[in-house]
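One chain, subunit A, links the two complexes that follow: it is found with subunit B in the first and with subunit C in the second.
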Partner chain A sequence: MRKKNMRGTRVIWLIGIIVMILIVLAPIFVMFKYSLSDRSSVVTGGKPIPLWPYHPTVEQFHGLATMDRFMTAALISLEVALLSILIALVIGTPAAYALVRYRFPGVMVLATLLISVRLFPDIVSVVPIVEVFLKFRLVNSVLGVALAHSLLSIPYVIFIAMGVFETIPRELDEQAQILGASKLYSFTRIIVPVALPGLAAAAIYVFLLSWDEFIFAYFLLAFGDLSTLPVLLKKILSWTPQHNLLAAISVMLSIPVIIFTFVVQKYMRTGATAGAVK
Partner chain B sequence: MATVKFHGVSKRFGDVVAVRDLHLVVDDGEFVTLVGPSGCGKTTTLRMVAGLEEITAGELYIDDVLSNDIPPKNRGIAMVFQSYALFPHMTVAENIAFGLKIKSYPRSEILKRIAGAMNLLNLQGLDARLPRELSGGQRQRVALARALVLEPHVLLLDEPLSNLDAKLRVKMRTELKRIHKKLESTIIYVTHDQVEAMSLSDRVAIMHEGGLAQVGTPLEVYRSPHNIFVAGFIGSPTMNFLHGTIIKKNKGIIVDLGAFQLSIPEHYRKRCADYLGKEVICGIRPEDIYDKRFSKTASTPGNTIDVITGVVEPLGDRDIVEVMKDTLNFTLLCEPAVKAKPDTPMTVVFDMAKAHLFDKKTERNILFSS
Partner chain C sequence: MTRIIPFIRRNLFGIIILTPAVLYLVGFLLIILFKVVGLAFTQVSPDGSLFPTAVHFIELSQNPEFKAAFTRTIWFVLVGTPMELIVGMIAAFLVVREFKGRGIIRSVFILPLAIPAIVTAIMLYIMFDFPGGHINDILMGRHSFFPFQLIAEPVNWRGSGFFALMVSMVGKVWRDMPISMLIILAGLQSISKDQYEAATTMGANTFQTFMKITLPLLTPAMATVLVLRSIEVWKEFIFPFILAGSYPLLATLIERAYHEWRDPHEASAIALILLGLIILSTIIIFYVLKWLRKQLVKV
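What follows is the complex of A and B.
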């Protein structure tokens, strides 16, 4: 009797989980479906939209590849993302190392202040930032957007990197010091190489953040001719295009996110310091 | 080669005193071990020599140079950490070469020294391995090689053997002794293992609560402990401590333990005049109490006691036997020939010539307290 009950509970749980997964995956499925749809599967003239397109096609992706505006925007998105990674890591990594290794008074206050940038809604902080960037002629430039994105991601970089550095035994620094290495030498030759998998995770995080960031990019670029992919998507949206084209752009935006998320997960599990101690 | 002199060295972490007014001279080429229970300040002392810990008060001289403020790399020292601290992303050869490269030695010299160190430590053929591909013993030897190639004046070893299994530890102990003999370098070694300390060192410095409890050769600290702490810390199984009072009896002086009385050893007689009627602690090592049938020493009358055996722990070569006399418990080491059985009567002889008397208040050996 009891056994039967347990089985019943289990089935209910399973159904619940499946339903939840379906809810989460449904929009993603619709996006993929539309991106592969031919025109007749999207514009059905009142008939219900089919679960799977009548004539699946990659025509939309083909169109994107030959669409200059899209390719330019993709390139700019990539440039912005890579530049953001560079800035965020160059600033964030040494900062994280200092926060972990040098226990000076007020460390926690400083660490908290670092995340304060993200305590406000983006739409609130975007106004003063655009204001300042205008003064320094950083509006409507790749560097400007990259700076804004690194501003958003540095706190995350610092916290990820702090976590990584905390796992690196202090003895490695001390041993390097005894063997004659300067602080900078042991940081660049010992600590950073050992922390590399974790720092790669931080870099990917910056990439993801920058790649699909919209608000800052929009405000910094909207009045010029540069567009990142999310900004382009918004611009295209404004002239009510076909659903399948939008879906294709969305897929292109999502693919790197999906791939990198899996990569990050893998890195997170790697033992960065295996063999260092004991 | 160098000497290391501690002149009233102290270390405080906030309100906590880690090392208190340490006076110690380590001679050129000497192997000195700092030994003591965890938290006694031994590792802090070593780290002060390395320059990893600032000295709060006092002076530290390495090679007669005041070294308090000299950075680690200029002290002519090398250190092996308990955790080995190998650089995980570098091969064995790169790890060993690290210090030499920074000091920009010529390539040929680096290669020569790596080869030399790897030969000395039996690491041949492991050049290209990463630390994670090595066994614990190999990692330990790589860490040692990395320290030795710098030809340090003083080699600092912080519990280098404690992460190895028992068998390997004994092997590496012999190895370390061999290396010290060959290189004749000054070595300061930290361990909590008194056996390791005794078997390796020229001199043992026993630390207790941040201070030096006693410094001496292994035999000195074993045979003439200056206080109860040293007496109890050195030697396994631990020395027996029996509480009693010194009294005059007939013409001699004895210590009255309640359950029985023991005559006071010859060399203590003079000092005991001041202690008549005072409480003392009599310390005697388990191997200095014998089963009467097997006793080789002539038994002084009065030092033969009838006891009942308790727990018997056979070690193979010897048995640890717990015995009782009324309310007093103590242990002795017996040869297997004694065939000690639990809960049987036994007659034991105290070799009082090897016993010690400690002042109950100061816990110091009466012989050495002034």
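What follows is the complex of A and C.
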């Protein structure tokens, strides 16, 4: 009786796993399938859309390479992401170091406060930010989007970099200072190089956040000629394009995210369990 | 005073390198708060000057579009938040036991996190297309692998508020599933095996151990998921924006007020209302969970 029961739960568990895998993979499969679809597999004239294209082709990707709007948007996305990484790391890393090394009263409250800035709803802050940015000519500009994105990512940088600095023994700073290095020198020349792999993870995190961020980018770029890739997707959507074009752009947008997510998965897990994932 | 100067001198370097981040984050936050409150409570008079007023909130309370968005948002949160928790729990319970290939399955379950939200929304847009999307094809039994006709006519998913918001919710829950799963998983793994063994030796069955051990000890993790996810569901923008354009929630109504009505004052008023609702609901959830935990642990 007990054995039979065990087998029963095992079957239910197996079905659960399979259903879950199918649900998780379905949209991803659809994305890749459509991006490889030829015209006849998308515009079927009433027949059901095939689960695999009749004539798989990479012509959509060839098309993207010669599509000016796409190439410009990809470049803008990259510029915004790199600029956000620069701003977020330059501001966030020293702060994280100070929060870990200087144990003055209230420092943990300050750390919690800075990290929980990310809980402030982005959709609430977007209108005031655009209104303020309008005055400084930051709307419809790469710098404006990068500033908004670094505002979102600095709390994450502080969180990740604090974890990195906590693993570096205090003796390292102390010895450098005994040997006559200034605090600035020992931070920039000794601590930061040691922390570099962890900081690289923080940089990737900022990249991911900026690369697929939609709300700020959309509000800041909606009526201009500049677009990041997510904004381009939305702008294209309003001219009811063929689905395989949408899917091809989606693939190009997703691939860096998929690769980098698995690179920083370890950090994401600790982040997620601490509630630090968006 | 005499104690402050040596304190500053001792920590000078730390204070200096901490300042930019504090200024940046707190400064931005203060600017945002001042601006959003300032916009929401002022109006431009005909001669171009600003005057303080609460007229936007009064106007909104009489605006049928706002009322509809308000009701939709309440439903979206009431259904969406538990969905996020339940799906995350199912996923976590599926992968918590030891089995061959668990690492791979877990990596697959984390995949939604690696798909940008806007891409997920576009994929649902394609899958739930009308009349010829995949979901309609499958439900109408037009594929040989699933020859059951569940519906006679294709459903116009984006043409009805109910379906459009359901599809948005599917997207939201799909994309957030890994986060809820990881938090629940961490909670499950922190429960020691001894407690289960003790319960089993004393003759408890699976249901009893679940109700008396797993669930009470899992409440902190569940509380984390509920609080964080409810905030996320309240402010969800991308999925309803792409998939339920004609049926705005409060978050998407902000966009409409700003871009279509061209009224930053009205948009800010909606944003403030949304912010108030988020804070209120977080407090309520917090206290309800505290009470619930007491009830569960008392037994």
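Observations on the structure shown:
One rule holds in what follows: the second predicted complex is superposed on the first by the 251 of 278 C-alpha atoms of A that agree within 3 Å, B and C clash if a C-alpha of one lies under 4 Å from a C-alpha of the other, contacts with A are read in each partner's own complex, and residues count from 1 in each chain.
Here, a residue touches a chain if its C-beta (ideal position, glycine included) is under 8 Å from a C-beta of that chain, and two chains touch if they have at least 3 such contacts.
All values reported here derive from a predicted model rather than from experimental measurement.
After overlaying the two complexes on the shared chain, residue contacts for A:D122 are found with subunit C alone; subunit B is out of touch.
Contact with subunit C, but none with subunit B, is seen for A:K183 once the two complexes are overlaid on the shared chain. Residue contacts after overlaying the shared chain place A:V58 against neither subunit B nor subunit C. By the touch criterion stated above, A:M71 is placed in contact with neither subunit B nor subunit C.
By the touch criterion stated above, A:I17 is placed in contact with subunit C alone, subunit B being left untouched. When both complexes are overlaid on chain A, the residue A:E131 reaches subunit C alone and has no touch with subunit B. Counting the residues of subunit A that each partner touches, subunit B and subunit C differ, and the larger count belongs to C.
Of the two partner chains placed around the shared chain by superposition, neither subunit B nor subunit C is touched by A:V263.
By the touch criterion stated above, A:S254 is placed in contact with subunit C alone, subunit B being left untouched. Comparing which residues of subunit A touch subunit B with which touch subunit C, the overlap comprises 273, 275, 277. Contacts from subunit A toward subunit C in the complex involve residues 9, 13, 16-17, 20-21, 23-28, 30-31, 34, 44, 46, 48-49, 51, 90-92, 94-95, 97-99, 101-102, 104, 110, 113-114, 117, 119-132, 150-151, 154-155, 158, 183-184, 187, 211-212, 214-215, 219, 222, 230, 233-234, 237, 243, 246-247, 250, 253-254, 257-258, 261-262, 265, 268-269, 272-273, 275, 277. Here subunit C touches subunit A in the complex through residues 7, 11, 13-15, 17-18, 20-22, 24-26, 28-29, 31-32, 35-36, 39, 90-91, 94, 97, 105, 107-120, 122-127, 129, 132-134, 137, 142-143, 174, 177-179, 182-183, 186, 206, 224, 228, 231, 234-235, 237-238, 242, 251, 254-255, 258-259, 264, 267-268, 271-272, 274-275, 278, going by the rule given at the top. The touching residues of subunit B, when paired with subunit A in their complex, are 50-52, 71-73, 77-79, 81, 83-89, 98-99, 102-103, 130-134, 136, 139, 146, 150, 163.
Contact residues of subunit A toward subunit B in the complex are 169, 171-172, 174-181, 185, 190, 193-194, 196, 273-278.
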